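You will see chain A twice below: alongside chain B first, and alongside chain C after that.
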Partner chain A sequence: MNFSNIDWLLIGEATFDTLLMTGFSLLFTVLIGLPLGIILFLSGKGQMLHNPAVYQVLSFVVNVLRSVPFLILLIVMIPMTRVLAGTSLGVQGAIPPLVASAAPFFARLVENVLRELDPGVSEACRAMGANSRQTVLMALLPEATTGIVAAVIVTAIALVGYSAMSGVIGGGGLGDLALRFGYQRYQTDVMIVTVAILVVMVQILQVFGDRWVAKLNRK
Partner chain B sequence: MIRLNNVTKTYESTGRVAHALAGVSLHVRQGEIFGIIGRSGAGKSTLIRMLNLLERPTRGEVWVSGKDITRLGEGQLREFRRKVGMVFQHFNLLRSRTVLDNVCFPLKLAGASKAQQRERAYEVLDLVGLAGHESKYPRQLSGGQQQRVGIARALASRPELLLCDEATSALDPETTQSILRLLLDINRRLGLTIVLITHGMDVIRAVCDKVAVMDAGRIVESGDVMDVFLHPEHEVTQSLLSESGVDAEGWRDMAQSVPGRLLRLSFRGETTTQPILSRITRELGLNVSILQGAVSRIKDVPYGQLVIAIQGDALEQDKLDALLAGEGVRYEVLRA
Partner chain C sequence: MSLKKIAPALAVTVAALLGHVAHAATLSVAATPVPHAELLEHVKPVLAKEGVELDIKVFTDYVQPNQQVADGHIDANFFQHQPYLDSFNKEHKTKLVTVGLVHVEPFGAYSQKVKDIADLKDGAQVAIPNDPSNGARALLLLQKQGLIKLKDPGDILATSRDVVDNPKKLKFRELEAATLPRVLADVDLALINTNYALEAGLNPVDNALFIEGADSPYANILVTTEAKKDDENVRKLVKALNSDDVKAFIKDKYKGAIVPAF
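Here is the complex of A and B:
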């Protein structure tokens, strides 16, 4: 194996692109998925704003988005991506499908974290005269912080993997590089380097995330 | 203070109707400690949740402080709940917040300023004996201390009524006693009405003025704790009493082998410590044997109950009556 032919500048750029894609996707995923998860939780059975219609509809949408393979979602979403991001290519073009795929996933995780909380906390809040907004903002979310942070880390790692897949339709980043050079031009060295960088990224996310969770848990 | 009129609560699931409460009426006076006892599933937890409407009755009225709270709108109900403290079996504290923040929580909901919140929180934490623990997190405290935080939180918004949902059931006996003493102290110092539910007669005996015994969604017996302890009528009451060591029926096993009349004497207050048996033997010339007996206290009042067999040639009923009545001892004849 000879690594001397590798264009390190290109790899650097691709790494940066992957970070951009993952970062922005994660941001929008949390912005959309967190409220969605809270609504799923609140409208669920036996909860404060129990509403079977809302729950069923949201749950169905979430399930559909989660069951469509990401590669298919990428392609199906191209027209919508053009409207949302102005292009279906590059870093910008990858973000809408990444968010569409990760937000429902993250919302489910948030819903589960909230459901796992001791129902006694909600009951105590009601008994103290809190409305549902106050209960969620002042009690449930603070209590769920550790679980939600863990969910963000899991989602971030999933996004790193998905972002690589968006290379298939010209999404840019490390996945794009691995596909074009590593696969189509048989440059195994490029393939190995990109995979190694992805592994390191995921490792850093996990270690950093675990530390953060542990720190929150120590409270 | 509290009046429940024929309250029922039914749950429907897959066509079957379950009665959690099957027509409960209840009256609690201002400043009283009212205990509700029953086995699990008797409906006591549903009943206590009727008092702040965490559960809505299917039918019936719930009057608290002169208002039928079942008629309050959502906003009014939240306002009302702020004036009713509640303490839970598993404390239900916010684990992510400090003791101080937990106690400030209800005050924050009520819109008090930061300074007011802190001032009141320090005050109630001092009252429950937790001064100096303000910046700790719940997990750093023992169970008893966590329940004290729960009580402080319940008292923070100066309620007129405190509801205790099995507040001592998750605690060891010693801690239970200290929490019960705290509740008694709060009741006396603040004149707060307390309604508590429990499955232990010891809790009732230690703090309550009145007791209601529940079984299968109904109140089967209620009244002054002393009366219920000395003359339990319903079998559930009797078995709950015997489980906590107050066995009223143990004499029956021995009665066969003992000749003479059997009497049950009930003492309360000062008569408990009077030398009544020796007066019966000396003044009436009767032989007395004790088949069963208990002397204890309900809150601060001593009470006792003795089952005795009396033998003697010349049993003069009038004199015995006069002697016992003179001492203020009530008795019933178990066997003539």
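Here is the complex of A and C:
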């Protein structure tokens, strides 16, 4: 294989764009998805703040956002993205749709992690007179930390994948490069290098995440 | 009716047919249905008056029309643009030639921020399609407007990396061609294919800052063989297709979706 088509500066830029997109999207995804997941859990059946109306509405919104194909979300969100990010283009323009797509996904993961916890924990807290806020902050979240960290890693990896599609709105990044040069212009070398970097990126995320989870488990 | 009785009638018919052929030559032309065959239908009566019977053969394939002309089964074809013909000639070792330009589906530059390209500020964001042929077509149009220079000025597969001179320091955004009308508000200038522009309510003739014209390499051409390029009937067809009447017909019927390239 001849790597003559490779413009390393371009690859570097694209790698940086992918990291920016994934990093910022992950930050906002956690900021929005974590509370959303906790509310979903608490308002669910048999939980402390059981409220069918709230649960049904949130659950529906989450399902809707999760069922819209990301490519379509990217396009239908353009007017909203413009308001939120100031532009619908580039890395900035890719972040709102990435968050809109990943936050509901992450919220579901958080809800599931909390549901898996031993119900005895919150019952004990309640018995000791803790209110729901105290129960969540003092007992549930610390108990669920490892599960939530694992969910963050799963979401981060999903975001790396989604960010590849942002080329549609000029988002840049490695996926865009692979598509434009590797696929459309038959520059197989560009395809191989970009995909290899993505594989390495995902591996690092997973290995790092697993270690973090293991460390938390030992405590 | 006996054979003897109809013989004279037959003779007359044959003579009439022969006579007809003698002064009305048939010219066969392969074309794709829209707008090519429609334009040919439009000039058919004009040519009939000049003694040329136009036989329009509609194809929906892009190889056969060239192959049939090269093999001499059809006189000419009208469906492609020059870059396509060049690559066809190269790949199939044919020597087909262009005898006339007819129309172009103009690529246009649109903006919601400036009314004139002279107002385009330094560092302006320019959105272009991200696929090889449309991206290059957009860059060639920008080059023609004097906004940029490409490493190879005729490169029909140029990318934004091939821009060697960019006095306004334009920043290129390469996006999916179909997305361009939607992001028009976010950029200073967007170069959009006519089909996508029309679907988004933009008309190349009324709304574009500039569009491709007769000198576009993507103008649709009438093609024949080296041997027939000076044929009288082929010449008549070129003349008919490049008439003011066809110009008016294009303007009237296609309302900017295609523009005359002559």
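In the analysis below, the second predicted complex is superposed on the first by the 219 of 219 C-alpha atoms of A that agree within 3 Å, B and C clash if a C-alpha of one lies under 4 Å from a C-alpha of the other, contacts with A are read in each partner's own complex, and residues count from 1 in each chain.
Criterion: a contact is a pair of C-beta atoms (placed from the backbone, for glycine too) under 8 Å apart; a residue touches a chain by one contact, two chains touch by 3 or more.
No experiment lies behind these values; they were computed from the predicted model shown.
Student: For A:I78, using the defined touch cut-off, is the partner it touches chain B, chain C, both, or neither? Pick first, second, both or neither.
Tutor: second
Student: Of the partners chain B and chain C, which touch A:E123 in the superposed model: first, second, both, neither?
Tutor: Only chain B is touched by A:E123; chain C is not.
Student: Applying the document's definition of touch, where does A:N131 land relative to chain B and chain C: first, second, both, or neither?
Tutor: first
Student: For A:G90, decide between first (touching chain B), second (touching chain C), both and neither.
Tutor: In the superposition, A:G90 touches chain C alone.
Student: Is A:R180 in contact with chain B, with chain C, with both, or with neither (first, second, both, neither)?
Tutor: In the superposition, A:R180 contacts chain C only.
Student: Is A:D7 in contact with chain B, with chain C, with both, or with neither (first, second, both, neither)?
Tutor: second
Student: Should A:D210 be classified as contacting the first partner (chain B), the second (chain C), both, or neither?
Tutor: After superposing on A, A:D210 lies clear of both chain B and chain C.
Student: Tell me, which parts of chain A touch chain C in their complex?
Tutor: These residues of chain A touch chain C: 7, 10, 75, 78, 82, 87-90, 93, 167-170, 176, 179-180, 184-185.
Student: List the residues on chain B that touch chain A in their complex, please.
Tutor: So the residues of chain B in touch with chain A come to 52, 54, 78-82, 84, 86, 88, 90-97, 105-106, 108-110, 137, 153, 157, 163.
Student: State the interface residues of chain C toward chain A in the complex, per the touch definition above.
Tutor: Touch list, chain C to chain A: 125, 127, 130-132, 157, 159, 161, 173-176, 179, 182-183, 185-187.
Student: So in the complex, which bits of chain A are touching chain B?
Tutor: Touch residues, chain A against chain B: 118, 120-121, 123-124, 126-131, 134, 138-139, 142-143, 145, 219.
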